[in-house]
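Heads up, the next two complexes both have subunit A, just with different partners, subunit B and then subunit C.
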Partner chain A sequence: MTQPPVIEVNGLMRSYGGGRTLLGREKPVIHAINDVSFQIAEGETLGLVGESGSGKSTTGRAVLHLERPDAGSVRFRGTELSTLGQQGLKPYRKHMQMIFQDPYSALNPRMKVGRFVGEPLVVHGVDSGSSLQDRVAELFKLVGLDPSFMSRYPHEFSGGQRQRINIARAIALQPGFIVADEPITALDVSIQAQIVNLFQDLQDQLGLAYLFIAHDLSMVRYLCQRVAVMLRGRIVEMAPTEQIFADPRHPYTRSLLAAIPVPDPDRVRPDRPPFDVAANVPPREAPLIEVSPDHFVLDHQVQ
Partner chain B sequence: MTHFLKDLSRSRAGLFGFVLLVVIVALALLAPLLDLPDPTRGDLRARLAGPTWQGLFSPGAHPLGTDEVGRDILSRLIHGSRMTLMVASTAVVLGGIVGTVLGILAGYKGGFIDRLLMRLVDIQLAIPLMLLALLVVAALGPSIRNVVLVLALTSWIRYARIIRAQVLSLREREFVQSARAIGASTARIMFLHILPNVLTPALVVGTLELARVIIMDAALSFLGLGVQPPTPSWGRMLADGRVYLSSAWWTVTFPGLAIVLTVLSVNLFGDWLRDYFDPKTRSAK
Partner chain C sequence: MALLEIKNLTVEFDTPGGVVHAVNDLNYSVEAGETLGIVGESGSGKSVHILALLGLLPCPPGRIVSGEAWFDGRNLMALSDSDLRSIRGGEIGMVFQDPMSSLNPVLTVGRQLKEVLTRHTNLTGRALKARMVELLDIVGIPHPEARLSQYPHEFSGGMRQRVMIAIGMACNPRLLIADEATTALDVTVQAQILDLVRQLKHDFGTTVIWITHDMGVVAELADTIQVMYGGRIMERGPVRPVFHDPRSAYTWGLLNSLPDEGARTQRRLYQIPGSPPDMANPPPGDPFAPRNPFATERCHREVPPLRDVGNMPGHKVAAWYDLPALLAAQSEKEQTP
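Then we have the complex of A and B:
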């Protein structure tokens, strides 16, 4: 890595709950993410994989400062975001975007999709009037949508089309970094490949870096240069994609790999007991150690 | 406009409500131009005359009868609708604007503003509305402006509570987060992303409120706190006529009927309007 990373995350923490209820009972504290650290280079894709509730979305939101992390640092192209106020963050919002998990609730049902896609340009005063219309039409074409759809409302679109609309909005300001939160999970299998290809094409054309969130490893294989595996709010293993597939070190990573459907029925998979998440809560203080170049595993489970 | 009428003609109930409402409003607006007897001048020789079709087009006819001082009921109904409709619609729109804005503010911002506003609502809900209205009108004196203010005051909390609840769930929707992600200001999010999504519930509350406010306005007049005599209003007519209910049924039946029909037309039309403004049902038809 000669270039500085586009995103550099260090020791990110975020917990929910705490405090007391009206009756004075203590609410349990959920450590949604705990000591999360990673870097993403310009134009790179880092996959973030883990089961439901492991803190992937929380990580995405905290990195973009959509909600403030409790502790830790996030640097965008060298600038520390955590010390900036809402106003201070605004110029950086141009360069970092998010694509949400549910394409249905991600669109404003009462806003025509053309206006929705063009909104970032209006908010940042980049474009207006007829040049805005032209730019939005261009964005529609870029994501494979007919520009004549601009004056329609979201409910007229399928899941795949909605996700394209979300993508068009996210790239409107030509960001350098996008958090894609399970962008294909909610879609039909037949559509998933198309959207993955769209992500790839846009990355080639625009030089985007992605934090690509998914809940199983098969989805990230072809899109990501590196993969981080998350368990109960902690990254337990992080390595280049081939390395994860060839030499998984953490038992949870292995169980995720074993869960990938095998297309070849002749290939026999070794039987191993299912991974018990409850019995393997990663300890809070355990450090990540580098077992081979660029391959990190949480200390408690190195094998 | 043509789309509006086309869509409307497809809904029987909506069309009925709309036509009825147009007739009521047109009568109210055109009242001075109609050749009606003076609604404030009585004719003591014709006190409590019953409804009659005889001599309908002759000058002295009283098709819906007369009241206890011989004033023509039809004329009083039509002239009275001006006051009733103006007071009720102003109050509902005023309460609707205030309630919707405060509901959005409380729901989206949360925290101190939310707690303050919701306590205010709770306090107001704990006091019977009629008592509140009586207190305020008694304190400020009975005038049309004060009646409008009082009715709006009883109305805003209904909007605010429902809108706030809507906003609480909208706030968590991903398109609102997405608006934050692009750096949209709080004002922009509240008015461009939240507001259009609560207009439908606001409209529904509005039609219900219009009906309620018409009745409450009648009740205030009935108690002598609304429109002052001799200006006609539906509530006044009910109040004055109730004494004669057993002997001259027409004195209360017709104003009562006018209230019912107006409320009905507003509700039917409001139902249709709600569907019309929902982009989903609009194109599904």
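Then we have the complex of A and C:
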């Protein structure tokens, strides 16, 4: 990593449940994420993949402190966030934003989209009045929308345009780091490439770092410099993208990569090694070990 | 021999925003034993036309303006509701995208399987129970006997989708129709379901219509691909010529907007400009023309018919332009400074 890290995550934990129900029965504790650690450099994209329920989204929310982690450390440009209160966090929230899967439910249906995009600028007292309008118009242009659309309502836009609106709001405060949680999954196929290109362009122009949560592995391969694979709340493998595709070490990573449908009818399907997720819960205490430079694997099943 | 033949199918919806032209004069057939992959995005008509021919389209707001759907000598569109019911779930099995809303949450999985089997077969007693266990076993659900007495919420998403496929396959259908059946599933589960469908085709010679937006799934599973857009077929043919030598600018755009396999060589993906069409105000000519950089003046004016193209039988395109010639001219222009 030549750039300094924008985000450093160490030993992040988040569990749900526990305690007792109204009738006094014990509720089971679910460890949504367990000992999750990674770094993302300035301007870098880390892909986070894994099955549904593996803890990808929880990780994204816990890193941004939208949900307080139970334990572990998150540093943003060197500042420890976990010890800060809500007021203390506020200045850092400007620099870290989130983009969600469903571009419609993230929008406020009763708010004109121009106001929606400019709202963070007002909340953080960055801009107001006519300079606010100019800044919002600039943001619209940046994400490929006509500034004349500012006075329209969300229902007047297509899915791809709505995601552009969400992206415009997310970059309004010039963040250094964005968590994008399945940002293209809900979009039509012919629109996905538009949004992926936009992510790249914004990274080039603004030096953004992304945590890109996805299950489309071919898009992850294209967009991310490094990939982390999650299974049952733990990162089981993490490596530079081409390294992990060329030499996956963890059996779950292997089964995941073998399952990608390739759009080429001449391609011979790889043998798909069966992998029983239920029977392969990573042990809580197993450490990640570095098997080659920057390539980490959970050591309970290294092959 | 065609097992299913759709003729002149046109479906509209009455909405407050006007009449939505969902399916426009659709014609195609599926041969016995064939696997047809239908690709399309929202507004392409890929799901609506299937609901229409199965008698599952809510009317109103839907309206079948015209069309026939011949299945093994019977026109599905002319059958009574009760005749259609005896075909659906029996000779034609169906699997839809959302297993949670397709299964009844208050009935056990066994009860729901039993319902299908008793309606369409003569099985009773032990033979019926044995068949139910066998079906869950075929779709790879562990401990099938115990699972029969469980409710849908006790199954994971992948397992519920397997139950849906078990119900779809219960009566050894001659035609299995799946609409985005694996879209909500993890890739590893999707891979298992695709393996399962291949096995069923191999064992029972089932004819399959697999509707998806994923070109990779079509490449893996289908013999024939049919690309739909704006309620029409844009291109259709055996998978190899369509993937390697696409003749519709839409097919070409879809294939090129996918990242290349292998090293990250491209900086930008090819992107299809614009948005999917508003089918309440469809373009007058080729529905893809407004987004097609190769569109000619005629494309904007007149709907192109589906015509034979290339040298593989069955490869057809609806386009006024000659895509290979246009692509060749474009790359020549790029090479000469």
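Operating definition for what follows: the second predicted complex is superposed on the first by the 299 of 303 C-alpha atoms of A that agree within 3 Å, B and C clash if a C-alpha of one lies under 4 Å from a C-alpha of the other, contacts with A are read in each partner's own complex, and residues count from 1 in each chain.
As a convention for this text, a contact is a pair of C-beta atoms (placed from the backbone, for glycine too) under 8 Å apart; a residue touches a chain by one contact, two chains touch by 3 or more.
As the structure is a computational prediction, the values presented were derived from the model and not from experiment.
Of the two partner chains placed by superposition, only subunit B is touched by A:Leu64; subunit C is not.
Contact with subunit B, but none with subunit C, is seen for A:Arg93 once the two complexes are overlaid on the shared chain.
With both structures placed on the common chain, the touch criterion links A:Arg169 to subunit B but leaves subunit C unconnected. Once chain A of one complex is fitted onto chain A of the other, the partner contacts of A:Leu107 are limited to subunit B, with no touch recorded for subunit C.
Of the two partners subunit B and subunit C, more subunit A residues are in touch with C.
In the superposition on chain A, A:Ser255 contacts subunit C only, with no contact to subunit B. When the two complexes are overlaid on their common chain A, residue A:His124 makes contact with subunit B while staying clear of subunit C.
Applying the stated contact rule after C-alpha superposition, one finds that A:Arg20 touches neither subunit B nor subunit C.
Touching subunit A in their complex are the following residues of subunit C: 41-42, 157, 186-192, 194-195, 213-220, 239-240, 243, 250, 253-255, 257-261, 263-264, 266-273, 275-276, 291. Those residues of subunit B that touch subunit A in the shared complex are 173-175, 177-185, 188, 192-193, 196-197, 199, 279-280, 283. Taken in their complex, subunit A has these residues touching subunit C: 51-52, 158-161, 188-194, 196-197, 200, 215, 217-219, 221-222, 241-242, 255-256, 258-267, 269, 272, 275, 277. Those residues of subunit A that touch subunit B in the shared complex are 61, 64, 66, 89-90, 93-94, 97-98, 100-102, 105-111, 119-120, 123-124, 153, 155-156, 166, 169, 173.
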